[in-house]
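This structure is in structure tokens; I'll ask about it shortly.
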Amino acid sequence: MIAQQLINALTLGSVYALFALGFTLVFGVLEVINLAHGAVFMAGAYAALLLVTKANLNIWVALPLAMLASGALGLLIDQIVLKPLRGRRAHHLMPMIATIGAATLITNAAQGIFGAETSRFPLGTIPEESFQIGTIRITELQIAIVIISFLLMLLLMVILKKTRLGKAVRAVAENPQTSYLLGINVEGVFRLVSFTAAALGGGAGVLIGLSFNAIFPFMGQPLMPKGIAVIILGGMGDVRGAMVGGLFLGVAEVMSVAYLSSDYRDAVAFGLLFLILLVRPSGLFGRVLERKA
Amino acid sequence: MLRINGLTKQFGGLRVLDEVSFQVPEGIIYGLIGPNGAGKTTLFNLITGILKSNTGTVHLGDELLTGLPPHRVTQAGIGRTFQNIRIFREMTLLENVMVGMHDHLRYGLAGTLLALPSHRREEKRGRERARELLSWLSLDTKATIEAGSLSYGEQRKLELARALATEPKVLLIDEPAAGMNPAETEELMGEITCISRRGYTILLIEHDMRLVMGLCQRIAVLNFGVLIAEGAPAEIRCNPEVVEAYLGKDV
Amino acid sequence: MATNKHLLEIVGLAVNYGHIRAVHQLDLTIQQGEIVALIGANGAGKSTTLLAVSGLLKPSAGTILFEGKDVGRLRPQEIVQHGLIQVPEGRAILTTLTVLENLELGAYSRKNRREAAQDLEVVLDRFPILRERGDLPAGNLSGGEQQMLAIGRALMGRPRLLLLDEPSMGLAPLVVQGIFEILQEINKTGTSILLVEQNARQALRVANRGYVLETGKIVLSDTASNLLENQKVIDAYLGGGKDCCSVD
Amino acid sequence: MTDDLQVFWATYNTLVYTVGVHAMLALSIYLTLSCGLLSLGNAAFMGIGAYTAALATLRLGLPFGEALALGGLLPGLVALVIGIPTLRLSGVYLAMATLGFGEVVRVVFLNLEITGGSMGLNGIPMKTQLWHIVAILVVLVYGFVRLRRSKIGRAFEAIKEDETAAKAMGINTTSYKLLAFVLGAIIAGVAGGLNAHFTFFVSPREYGFDPAVDILTGAIFGGTGSFVGPMVGSAILAILPELLRFLKAFRLAVNGLILILVVIYLPNGIWDRKLFARLRRKGSA
Amino acid sequence: PAAEIKLGVAAALTGPVAKYGVPIRNGFTLASEEVNAKGGVNGNKLVLVIEDEQAKKEEAINVFKKLIFQDKVFAIFGPTLSNSAFAADPIANQAKVVVFATSNTVNGITDMGPWVFRNSIMEADVLPVTVREAVKKFGIKKVAVLYGNDDAFTKGGYDVFKVVLETQKIPVTNTETFAKGDVDFRAQLTKIKAQNPDAIVCSALAEEAANIILQARNLGITTPFVGGNGFNSAKLFEIAKAAADNTIIGGPWAAESVSARNKAFVAAYTKKYGAEPDQFAAQAYDALYIVAEALKAVKLSGNLEKDRQSLRDALPSVKIEGATGPFTFRKAPAKAGVETGYDAQQDAHIFIAKGGKFVLMK
């Protein structure tokens, strides 16, 4: 059972990590807790659904297209909702409030368009049978989710660490003003990050929509508190942190079901997060605290 | 008055202060100089309890300060300013200074909520004292404007007034003249002299040698966390090690 | 025409913060190869002027010509590409990036990567301490080292005009001397410099010409040596005669 | 005429009560915000207060006043206990920790026998009257006015702006933050107790993540420059869905749109005194 | 002259619960149009006043008050969730207006007062039969239980299961829970698998149920499932397909029910809304006919209070043949000191899933 539970933890953790990657990127660079991330996640799932059902595309073709679409939505949110607030003296939570507005607007518009009912990908979009490896059973989709989320994390990390663009993104994340003076197209970086983060969120929406067989306007909502927990546990805007945080939450949930009680699963998971923060007040990979005085 | 004994501070493996000991006698202006990164600000942070030292003690008179939380150190009689200005930008100057008087206004939550006479009396006394302190630094005309709109030099002065409001026995000043031009620095020197004459003991960090040499009766020099010299300005100026590490030869 | 000779020509510049006018009717020119000092009291508008030149603040009036081209309406990154590079007030290094990454970003807007790699060597030779600290997060550097990093990073952009905002602030006397020496060396290699300094005496010593800014207006401009003698300047900015670093 | 008024009151009295309770919640989070603490725990405190007061009425048969007092006391005690370790955290990390606490509280409500699990508690008698809410609000507003012009109010603001500097001013920042946190919890608890006694029913889902964010949204949306803004903001957010009822299926979408527009055009919130001052100057000029 | 009879509908039409509220509204709308098309009730037209209550308790109260005091309706249908009912129904009771629930299945709803009615059949009436039939069919010795514990609907179902399993003396290997919005049930199912039960008793909503079944099969669990009311939906098969085979459920309504009344309902609903109805739509549809039937016996006096009372008095004796089968009311068991309302008296149908649909067992 333990082996199976570890696999369960790994796949669940990957789901959380996948959701959190884009979330943490926006948080790190734009310094906004983007509460519209769940809405973008949902939009990605619907985009893929339309592409599969209406355009009869293969899911692996529809996935990148859906990511483009949700990326565009993210870009739109950034330009319409967040950009007007940049550089203005507003309460630092105002952008977050604006994203709440965007989330409400998008989810309810989606409900108006697609209806309140749950939709799903047609049968055979993806093989659903599981196969056995030793004592473990796992589906193709689960493997895909684990691999995709790890690959995306690695890719993001390499880009951020090694490339010129990545360094520019990190520069903007730390200090937009200075970045301007280095000749970095700061607004361009903001747009790129908004797009990428939303595309990642949309991709997560497709994969989770596939694995849960349910696409509905509010599908992003239950993931929001978990996403926030993951990115803060990982540390402000840290890609590695999102991954580790996601896996941690997955393991904490699965193990508390397996060895404690499923009744108290969320309490155990969030209680643990609470305790970890008391020990590491800036999360697992959080930036060192500012120099004092 | 202020006795520093064997203070050592490490950040991870980096030893920033190494067995630093010296004493600041009552009533004088004492200078603390040294190259960038020598550990001067860190020493201030250790004295005020913002950082915890690895070993060593700090005494104010007979009172042991080491181990006290920052607000208790302040209450014990240490006031300070910060190297990178930390005024309360959204409060008025008057309010800034009155925050400094926090511990000296004698009323509590009940006094406030029930509008007891103690509240009104103490607030009035506080306001008057705050205006007086602002006038020491020629800021009284701006008492009711928002502190964030002050010029850089004025903000530094406001920090001084605010530190004075804590009624310190020893005042720690971190680079008061940074970003001021020589003329402004001179004006500031006058004001610091006045403060000192009113009986405050001052420990001062500064890179502007004219100010240091012009004001301080004694000077300590830190280099890489080690105290390399201590003495009267004339001695320090001639100390070859200090010249080599800090002042530069061809002056 | 005269304009063609100027490297930078600012005419009638005005900059506002919301409703507050920080700079009015400012005229200023820099010739190729010059060091020009801009001095003035706290809040006079020096930093505001530099930020406007770099495109971070939008001027409400006036023109800024760089090598005859109007850069006043360009975006900051385009201005950097023209070779107008600023070391801002307070060093503004990127503390979470390493020293080398900071330097590399200095060459961000340059196309030729090989040349940039060569320049990195030149900068590291000029500031050997930066080579030593290359892989450290820049936030760990001391104040003086951070200032060197900021200047080195600006050099990585091959500036034709280097704007420096109070490079000596908060630095030890020895380091201040070093910085001014470095500025002169940089200038000798053909980079023009606009230097904003509170340390007015030192600044005027290395400069060819100087401007005095008071509450947003230029009130005086002359050669540096004349300004050093000017009684009004001495009273307001240089203080009671003695050099701040003289120890006699 | 009076007939119309009666119908209006009969129809909308719950809405009026709700506005009052939301204003209280806004004050409770404003108190923590004014001390620089970003807490998402206020919904949980409201929940503890609501359950406590409801159980005091249902099980112990206590009079309303005492039930409400208990509903304030218990959250205050809980805040005291969790505040001591938690308040060292700052910014979003504190938000996360308090969110975690809120989730734990919600799960506990779900699993305890006495709280009725996910079925919640029903049959709570109607005890809240308009004057209760108004009286409590008046007392709170008076308190906030007094506090603002005192060393305590200044200490809160100093901590918000710069905690290190506040410490250097001799302010015991830990105890002031704890004070704000505990007082905020008490106010939220009382608001919860009032709410339970005019909605007949409480259940865990009313005190989770979404309500926590809603409380914060109301406060920020109103403007955190003074305590008036949060009250105004949360009142508007409570009334808005009712006003938009005619939009049917699109009312929530429009609600979101309004939120966005206000944030863009009034980035300091609805109650922006600086903006008012500027407008007044313009008007008189 | 023909009068208008206003009936209020309070349903969750926006927000996450709209997926239940919308079919409910559709059921009412369809039924009222049918009634009016046939000339109304005693020549009077039925007019529905539909309001969104967002599944929030304050909103439900506001909507009830608006319907009662402003719109002056005869009776109110709703609200969608039991949670909202506990907050809003006391308002109707106090104002002496019939409140008629079509989707509130938990215990205690009709304890709130004599004006509360429901045609949503209680799990307590269904589940004992379901479990007994399942045990008989598969020879079940021990079961595992899985339910959603943060939702009154699924938790209510579980509470009944618990009692039923106790009285029928069936040992429970382990009881696991999940939360609303969960996407992954493998941890719980892995734990259940290790205990090797003969069946899994599950109280969940249809989509969750379908995914639970799928994930169970993926983990190699082959045991049958015994489900509650929430399983009773075409969604189950849309998602789980044949994996759901051998799932036994009980419910008031099934799309496959062959009665003429039901066939007509399914056909009309599908035609009007382009989607198949679910049990919530069916129960709403029936509820309107029940009230229409009662109204036939009411002589409109023009005095609202009196007419509301007459409707209340006429309701308990209504008997109809609805889409869900034959229906009558039954007085809820008396509770200390309070007069209770009326529950549904209806036989549950027991179904077993075979080849991607439910077939009638009993």
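Letters A, B, C, D and E name the chains as they come in the text, with residue numbers starting at 1 for each one.
Here, a residue touches a chain if its C-beta (ideal position, glycine included) is under 8 Å from a C-beta of that chain, and two chains touch if they have at least 3 such contacts.
Nothing here was measured: the structure is a model prediction, and the numbers come from that model.
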Problem - Path length in the contact graph (subunit B to subunit D, fewest steps) - result: 1
Practice task
If we define chain centres by averaging CA atoms, which chain lands farthest from subunit C? Would you check?
Solution key: E
Handout entry: Chain whose average C-alpha position is farthest from subunit A's own
Key = B
Fill in the blank from the handout: Counting contacting C-beta pairs, the top-scoring chain pair is A-D
Problem - Rounded Å distance between subunit C and subunit E, as computed from the means of their C-alpha atoms - result: 75
Practice task
Report, in whole Å, the distance between the mean C-alpha point of subunit C and the mean C-alpha point of subunit D.
Solution key: 50
Problem - subunit A and subunit E: spacing of chain centres that average the CA atoms, whole Å - result: 36
Practice task
Return the distance between the CA-based centres of subunit B and subunit E, expressed in whole Å.
Solution key: 73
Completion exercise
Each of the following residues of subunit E touches two or more other chains, namely 14-15, 149
Problem - Per-residue multi-chain contacts in subunit D, two or more chains - result: 110-111, 164, 249, 252
Handout entry: Set of subunit B residues in contact with two or more other chains
Key = 50, 82-83, 86
Problem - Residue ranges of subunit B touching subunit C (in the complex, touch as defined) - result: 34-37, 83, 151-154, 175, 178-186, 207-210, 213, 237, 245-248, 250-251
Problem - Complex contact set, residues of subunit E against subunit D - result: 13-15, 51-52, 54, 57-59, 61-62, 65-66, 68-70, 82-83, 86-87, 90, 106, 108, 111-112, 149-152, 155-156
Exercise for the section: Would you mind writing out the residues of subunit C in touch with subunit B in their complex? Expected result: 39, 41-43, 141-145, 166, 169-177, 198-201, 235-240, 242-247
Practice task
Using the touch definition up top, name the residues of subunit D that touch subunit A in the complex.
Solution key: 38, 85-86, 88-90, 92-93, 95-97, 99-101, 103-104, 106-108, 110-111, 164, 208-210, 213, 216-217, 220-221, 223-224, 249-250, 252-253, 255-260, 263-264, 267-269
Practice task
Enumerate the contact residues on subunit C facing subunit A in the complex.
Solution key: 54-56, 75-77, 80-81, 85-86, 88, 92-97, 101, 104-106, 108-109, 139, 153, 157
